[in-house]
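Heads up, the thing below is written out as structure tokens.
The letters A, B, C and D name the chains in turn, as written, and every chain counts its residues from 1.
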């Protein structure tokens, strides 16, 4: 046994260990430093460990796909891209989160807040680099449980605790559904490794001519996936939770948590279910299920958003719709091209969502609430902020010259190129038009509304930096999307979906 | 040596826009106007140069393309084309934009948000120029949306007026219906051909990759987009409402340039339509119907801008009709001429409105002829031009379209064309007489109009007079162009010219009769000579005829179409809104704050999923 | 069906478990609910013994019957507002829930009935605690370590959330 | 002993847990019912670990992990309930509905 451990390349884990080191450092500092010393700069430690981890991830390039312990930890192009996504978004969110109210009541838990954010990130990172259901599940739960607490951290606020409560219950129920569903698949296969699972399930279907348990298990598990991605009709927690949580946490949920769910779903469907998806009936059925979820998400997200008076809720519903947009491509699972579009859209979505929430954070900190009215006349008060917000909203709406437009185009093109789901695309177009209405409503309020005060909205240096970076990204990828798209096209996505031996064979 | 950077045209107005928006709080209003004028001025300068080189010198203009990004392994280019049609459009757009901006210096004087106004105008010009030089469908769509956005912003510029707000919303929703058609067409083409590039698509059509039913569908969907933008029946209703925007905007966007984009698109993608008889017939009949019915509605309107708006709808229909019978040449020619005289008419109408203290009801106007020659003469020129009286510009282009119809052999369409000509002359001169003839019906003193407005009116008037003498540039038969523009064979027969002019004259005569002679004859009847008795006697049955032909029947048409607008189109708009809102309401009703409800909803959704996938086999 | 000791044990344990759960639903006194739930957890531990999962059974008793039940009872005590549980004020919600759960139950039981292709018995000699330990510190070492971080996070989180403010 | 009986037992417990989550007003009981659902899933794992198509210990290991997760979730959930109770003196699930719409 010891020999085996000695042979394993533990150095692959450096990005994760860096995060753990950050957590430990924060814990120790919090413990050792006297209470009188302000902990507001702790965010820098968090940021440092995230950036360190980012550096380690980049240093793993050029990538040699590798596995530890039968795929419980695995490094492949797919995990690398998603890790980069998680790390960048967390870094940006940390920058935003460092902007805090003076004498905030949660100041005493400042270290814990960063620890929890890092641990949630850690869960997402492990989830990104595994093809073993246990690791995937534990990673997901680490992400979830950290998020439950992050949402409820501002415990003196009724909304925050209520949001956390709803999140825990909904998360718990969907975990239960997920586990219950997976138990059937385990019963058929006796394995937790996705590759072995796929192989076994295909054999089972062939030998018994029955896939009832697989259908049942997959349906049950879909509840869990759809919860994480907040696809309608499993989305209902998200507006409440986003509203109750602080803006940085909400953007963390909207970006990292959602992307993690999508990655899990991709891996699960395309590795464990792929042999089945290729069969005609199965593929067709799954295609329809995903298509319906996508259509319902687009419709529900965009229509309910029309009635909202709270910016965070609007962004939550918009996030539901965005998940729907993303899913128009999934019914055409055969195509390898979907990864380019999906990953590009996720990056774009990350930029605009983090940007929008960052501005909500800054503005609501200033006005004391996050209703639509807090944006009234923002242009008069802080033109730069209003312009940036307009940019993000336009990007979310998919207006040309922003990254969101390119993202939507690339999704639509690939959906068209590989399937005939006109219905889904028409829904996309129609609901996009509907969405203009509520995005413009915010823009209108910023430019036309009467401000309650003339004072400039104060923005400290860190969130300003984050917003600036995001603005650059949103415009940059909107005008010159090839910078990113060409990179994403060279990624060998397929390596994320085949066993290690397969990769080595391909290379030789 | 011809320079190849097509993108310079939209660039300068765009720079102006960025400067104006970024510095709108610090910049003095005068400076802002100057910056904007310089932006469009430079573009216009280049446009003149281009027109000189490309049309008068007939040099072949090379353009370069730049890779934008690649999707699905296929590169997407930023691609431009500078063929005769594009060059003419560039010239038209930049000229009218420049004149409208000059005009607005006077018209918008004193408006607190004039900087914003100019910024929007610049953005519009930039995107419109971008639209007419694009050689790539996605790029076209990109600018197509952008001009729509500018139109939305400018119609709703006076957002404090509820009508303006409503109109902007309506324009937005209805044109979007068309845009969805266009977008679907674009993606269908991409699916079939694998490219957005017009040249590649043209090649695909030529080589039979895109053909048959698919080609028809694509062409009709593209036409749906054009219907939305160009205000063709049944999506026309937004255009008259859009007159709530400032008048210079109506002249620029809703008369001369943006609404013509639909016609331009059909012309530019004519190779798609050529392959499908069904699509062409659809275009012809929709265009013809729109031309006629909008002309009849214009007769009954009493708001000066709405008359002109319906006239625009009608003329655009006329152009579509020309496209539908297969002549890009005739339609594009008319598009250009219409751009000149309709902009002239709108700008003159705007000046009238200003002169009469923002009165728009023509029943309350009159007698302006004597008071302001600066208004009346340009307006008259515009009226003569649109009516197709030789030698004004409209005569030439209208004639070409009628000739094209005649060549196609469709008698019914020719009748429609002539009837439209008659109505056009009639409502234009009705308008003219009510506004300019006789005594003033209001008693306010007339405002004088500023010099900047006079300049614009004068330039456009000149173009409206002489424009027709320049023939529209055609493509040489062996050149590799996307849009083939060839002159019609031969010349229009004299009887056709005669009947067209005759129809116009008849219309003018009738209008004169009804609005000039008849009114005067009522009081001093006894004093007049005996032939006047005769006239008054005749007047009797003409009155009857008028009553029967116009007042009753047109009122019926107007009533019907109004009903159509209110109930069908409005109904669709309302239904879309209502449907959307009720789904939203339902969704937010379920979102009642109880986590248990949320779990229940998920459970039910799961059960539906599960039962539909597996239940049958569970029991069996 | 052949009646074996295993069958009798299973029968008794499952009746206990289901009764505990059903009583939890129908009791009105909150503390009684908690206690009956503890019984269910205990019976489940028995089921684990039947399934040769001795280690898991012990863990089940320690964690669920012990820790979690006590924790919940504490929770009930500390947050008690009323002693008795009131009925929901939303009859539609209530009946829809019952109906939905009913449909789910029917389909799941039908599904279980169909599980005939699953092999019925197996050699479970190797299911000892040593083997589990090997798995934990071998194959599943990474998730195991991750789980420890998860517990740490839960610990920190619970402290933050449950701590009374204004003590310092 | 038939595997179907074990699976049915798990199904029944899962559904009862779900009913508890859906209809109980005391938030602690809701949390408790949630634990029951997770336990039902565990019964499935352990059953399959003995009688599945490919019986092995992985199922038990997974179940152990689930116990860890469930315990963590319970602790966090209860702590959140304490916080709510401090805020508004009630943990009636029906009254926790400030966030809606």
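Following the convention adopted for this analysis, contacts are C-beta pairs under 8 Å (C-beta built on N, C-alpha and C of every residue); 3 or more make two chains touch, one makes a residue touch a chain.
Chain-to-protein mapping (UniProt): A = NADH-quinone oxidoreductase subunit N; B = NADH-quinone oxidoreductase subunit L; C = NADH-quinone oxidoreductase subunit J; D = NADH-quinone oxidoreductase subunit K.
Bear in mind the structure is a predicted one, so any value in this text is a computation, not a measurement.
Chemist: Could you see whether B-D or A-C has the larger number of C-beta contact pairs?
Modeler: Counting C-beta pairs in contact for B-D and A-C gives the edge to A-C.
Chemist: For subunit B and subunit D, what's the span in angstrom between their mean Cα positions?
Modeler: 64
Chemist: Express in whole angstrom the distance between the two chain centres, defined as the mean CA positions of subunit A and subunit C.
Modeler: 31
Chemist: For subunit A and subunit B, let me know how many angstrom lie between their CA-based centres, rounded off.
Modeler: Centre separation, subunit A to subunit B: 45 Å.
Chemist: With centres defined as the mean C-alpha position, give me the subunit B-subunit C separation in Å.
Modeler: Subunit B and subunit C have C-alpha centres separated by 70 Å.
Chemist: List, in ascending order, every residue of subunit A touching at least 2 other chains.
Modeler: 134, 137-138, 141, 145, 148-149, 152, 155-156, 161, 164-166, 169, 173, 187, 212, 216, 239-240, 307-308
Chemist: Touching at least two other chains at once: which residues of subunit B meet that condition?
Modeler: Within subunit B, the residues that touch at least two other chains are 588, 591, 593-597, 599-600, 603, 610, 614, 618.
Chemist: Can you list the subunit D residues in contact with two or more other chains?
Modeler: Those would be 10, 14, 17-18, 21-23, 27, 30-31, 42, 47-48, 52-53, 55, 58, 61, 65, 69, 72-73, 76, 80-81, 83, 86, 94, 96-101.
Chemist: Make each chain a node and each touching pair an edge, then name the shape: line, ring, star, complete, other.
Modeler: Graph shape, chains as nodes and touching pairs as edges: complete.
Chemist: Within the complex, which stretch of subunit B touches subunit D?
Modeler: Contacts found on subunit B: 588, 591-596, 599-600, 603.
Chemist: Considering only the defined contacts, which subunit A positions touch subunit C in the complex?
Modeler: 1, 4, 20, 23, 35, 68-70, 72-73, 109, 112, 115-116, 119, 122-123, 126, 130, 132, 134-135, 137-139, 141-142, 145-146, 148-149, 152-153, 155-156, 161, 164, 187, 208, 210, 212-213, 216
Chemist: In the complex of these two chains, what residues of subunit C are touching subunit B?
Modeler: Against subunit B, subunit C makes touches at 90, 93, 96-97, 100-101, 103-104, 107, 110-111, 114.
Chemist: Residues of subunit D touching subunit A in their complex?
Modeler: Residues of subunit D touching subunit A: 10, 14, 17-18, 21, 27, 30-31, 34, 37-38, 40-42, 44-45, 47-48, 52-56, 58-59, 61-62, 65-66, 69, 72-73, 76-77, 80-81, 83-84, 86-88, 96-101.
Chemist: Would you tell me which residues of subunit B are touching subunit C in their complex?
Modeler: Those residues of subunit B that touch subunit C are 594, 596-597, 600, 603-604, 607, 610-611, 614-615, 618-619.
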